[in-house]
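Labels run A, B, C and D following the written order; every chain starts at residue 1.
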Amino acid sequence: MAKKFFVEREKISSDGFRYRGLSSSRLENLTDAVFGFSITLLVISSQVPTTYIELQASMYSFIGFIFCTMLLLGLWNNHSNFFLYYGLHDKTTKALNALFIFMLLFYIYPLKYLFSYIGTAIYATLKRNLGDNSEALKVAWRDLAAADLNVLQWKDLIIRFGLGLLLIYLILVLMHLNANKKADELELSDKERYITKTFIHEYLLLMSVCVLSILIVLFFGGRAAGYAGGAYTLIPILLPLYHRYRIRKMKKLEL
Amino acid sequence: MAKKFFVEREKISSDGFRYRGLSSSRLENLTDAVFGFSITLLVISSQVPTTYIELQASMYSFIGFIFCTMLLLGLWNNHSNFFLYYGLHDKTTKALNALFIFMLLFYIYPLKYLFSYIGTAIYATLKRNLGDNSEALKVAWRDLAAADLNVLQWKDLIIRFGLGLLLIYLILVLMHLNANKKADELELSDKERYITKTFIHEYLLLMSVCVLSILIVLFFGGRAAGYAGGAYTLIPILLPLYHRYRIRKMKKLEL
Amino acid sequence: MAKKFFVEREKISSDGFRYRGLSSSRLENLTDAVFGFSITLLVISSQVPTTYIELQASMYSFIGFIFCTMLLLGLWNNHSNFFLYYGLHDKTTKALNALFIFMLLFYIYPLKYLFSYIGTAIYATLKRNLGDNSEALKVAWRDLAAADLNVLQWKDLIIRFGLGLLLIYLILVLMHLNANKKADELELSDKERYITKTFIHEYLLLMSVCVLSILIVLFFGGRAAGYAGGAYTLIPILLPLYHRYRIRKMKKLEL
Amino acid sequence: MAKKFFVEREKISSDGFRYRGLSSSRLENLTDAVFGFSITLLVISSQVPTTYIELQASMYSFIGFIFCTMLLLGLWNNHSNFFLYYGLHDKTTKALNALFIFMLLFYIYPLKYLFSYIGTAIYATLKRNLGDNSEALKVAWRDLAAADLNVLQWKDLIIRFGLGLLLIYLILVLMHLNANKKADELELSDKERYITKTFIHEYLLLMSVCVLSILIVLFFGGRAAGYAGGAYTLIPILLPLYHRYRIRKMKKLEL
């Protein structure tokens, strides 16, 4: 019967990892609630428009918000996969999850601040170059000017953002190391151990991009903030490359 | 035994579609949290009344809010049905769901703005014509005047609203197209494939109403905003008609 | 085995009603999210204390908030039981649930307003009579004075509150009537049909108390607001009496 | 098969307690939503930074927030374990859970106030001693000065905090006493009865630390607030000691 077949199929990831945490626990419910509110607050919170021009101006932050939401949903996906794959609820995982929640919440506002600034700047510049001269655009520029950042502050903001992301990925690495340590207890197959190590390597790769970005502003100062930020564009290039390499190697090893 | 019978019955929709996603995943939990929060904020957020008259005045937005809530719950229902029917959690669905969440959040405030304005206007006009002359009514009128929209702004608001709805339905269409592409994998029966196509057609119908509304203001300007808004009343007329036609056709085809 | 026994036991209510909706659907998840936020916002929202005296003053609303929270959790309990008992997710139930969510959200602020006022008044009067003369008490009195209600406003507030509660219970009655109509489909036993009717009667009893309270202020005006509010104390007297009567009758009928 | 083994293993706690509430009910969903929201609001709420210096200043409360979040997640863990271990959903549990939710929400702001003050004070002092002289530090000091507490207010705050925690633990004790009373019905083994009593003892231990802290400020006044707060450091010392003693005794008793 189709139904049964489907349920069976769902128990294994496309990589061939058997899901050990299919029934979500309260730990995951709680984290989902926190993620859901964070994302909602990120987009909605500080901008209750009361006049029409304010409403229009708030649209300028669109680009910033979409990046921001995607980053958060990406982290949620990582978190979700960990619990789906290993189904671990031991004390180490609980403690690391508590830290994860805390880091997430504490970095929501710097994140919003950074992305909203960049997004608005990009969009407003674009609009101005296209000859737009509306009230809303002026409000957006005024907001940008009010929040204007000097070179030292840019340096600080880049370090803060990098450090936050670094710590979040560090927590994910520690979670996977804990799962790896429990490999025998979880009866992970050779293939599953290999995939676990791939996860760890990938998070370490992400962490080193964060380190690179921080080093750029530490050595070259706030004026290099653009390059430091640009370093993150390495992620969508390096990560898929490394992932493909690991998958190819896995097939060679006949796991 | 009754219990068993009931559970069996629940596994199939009234149309005869076997539910493939009965146990809700974290993807759905997250989306529910976002929906729940959005609806709550929509009704509650910006209006913490501190005096009695403010409390009374806030009641004027009742009509606007009920439409707004119903629209959001309608979208939730569409989203919910998709996951219930197909139980898909592949990467395409995840990415589309992320976009869905983003669009939803980004259009909460314009939605609130639009419906709160219209609802308050209708109710306040009604009350004034009935001879009401209370403090609360004056506060409501003052709020309306403060948010007063000129013809150009109405045009813009109608386009914005139409575009938002259009994109949300587009995401739903893409989700269903993805399910349709996976029809063999999901072992959809002929009937289920037919119902899937019906869903897609209905969302396309909704999208074309949005396009019609946008075209009206594009051609006739903001003064035609009333007609552009009125175009949406086509939905509760056309949609059930088309749905009944498809069901009748399904029966003829003996699926 | 104990585990199994326990699970078995849980499938039947203490009244002998077989649970038909043990696995909670997304409809319930969404409603839980809305309830959770509402309760949280009710207690937390408008009062972010910045000085110590404000923090102290906010404690005066303790009594009001506890009533308010209990009322909401009581409604949640009614809602939760309905889905647990009948496990219905048909279109009527979905539509009624949407209305339920809307009514709930729309009546949060009047509820908060009313109970916070009454609670603070009671507690502040108590404190003053006990000779307290602190800064915080003065702040609480100032808040009370600012929100001061005249006789007409009391009348209006009592009507509003009564009407809100009346409509919420009406939705619950309609939900149960719908379940009753589907009694054959749900294969309700005679006992279960009897319990369903008991639910309906009890909600009708609650509704008539709301009507009584509204009638008091309609006939005697805002000065009778105390009596109109006091009418609700009939609930904890009449409801258990009627419940016991129905249970005793059920045993006599040997259901 | 690994999967099956794992699921089997998960049904028993590391102490050997069979989980009776594996499938989380709506009662737990609701409480999770409230917890998730509370934690999110605790960290995010009152501090929407609009200038860069405000953003930097908000980071001073880091230490306070991490303690606060950990305290809440600790309480969540206690709550979660209770429902996981006993799976009780009787009326007493429901009523106690309602009180638990209320106490939690009512103590969020005093908690935030206390920890944010202490955390900022510690961090700002540290920074000043390290020679920092930034704008952000000045903002943080100004905030501290604005919220400055005199001796009497410290006394009051310590009592309030202690009383809140005492009541929350009291509710947890009552919940476990209720489970203990139902031991036969739940078919608790001797070992499980022993663990239940261990829980109760441990919560009583936590309560007596609260009482100790309150007594210190009652006898020595607000100037002893530091010692009264310091009393809570007994918890991470006494609790593990007592826990180890009970586990050792359990092994001796060969349960």
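Quick note on the criterion: a residue touches a chain if its C-beta (ideal position, glycine included) is under 8 Å from a C-beta of that chain, and two chains touch if they have at least 3 such contacts.
By chain, UniProt protein names: A, B, C, D = TMEM175 family protein.
What you see is a predicted model; the values in this text were computed from it and never measured.
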Furthest chain, CA centroid comparison against subunit C (TMEM175 family protein): A
Copies subunit C (TMEM175 family protein) and subunit D (TMEM175 family protein) - rotation angle from C-alpha fit, nearest 5 degrees: 90
Residue-number overlap at the subunit A (TMEM175 family protein)/subunit B (TMEM175 family protein) interface, same or different (half cut): different
For subunit A (TMEM175 family protein) paired with subunit B (TMEM175 family protein), centre-to-centre distance based on mean C-alpha positions, whole Å: 29
Chain centre separation in whole Å, for subunit D (TMEM175 family protein) relative to subunit B (TMEM175 family protein) (CA means): 40
Junction residues of subunit C (TMEM175 family protein) - those touching two or more other chains: 23, 29, 32-33, 36-37
Touching residues (chain side subunit C (TMEM175 family protein), partner subunit D (TMEM175 family protein)) in the complex: 2-3, 5-6, 10, 14, 22-24, 28-29, 32-33, 35-37, 39-40, 43-44, 47-52, 55-56, 58-59, 62, 65-66, 69-70, 73, 76-77, 80, 83-84
Contacting residues of subunit D (TMEM175 family protein) [partner subunit C (TMEM175 family protein), same complex]: 11, 18, 20, 23, 25-27, 29-34, 36-38, 41, 45-46, 87, 89-90, 94, 98, 101-102, 105-106, 108-110, 113, 146-147, 149, 153, 156-157, 160, 186-189
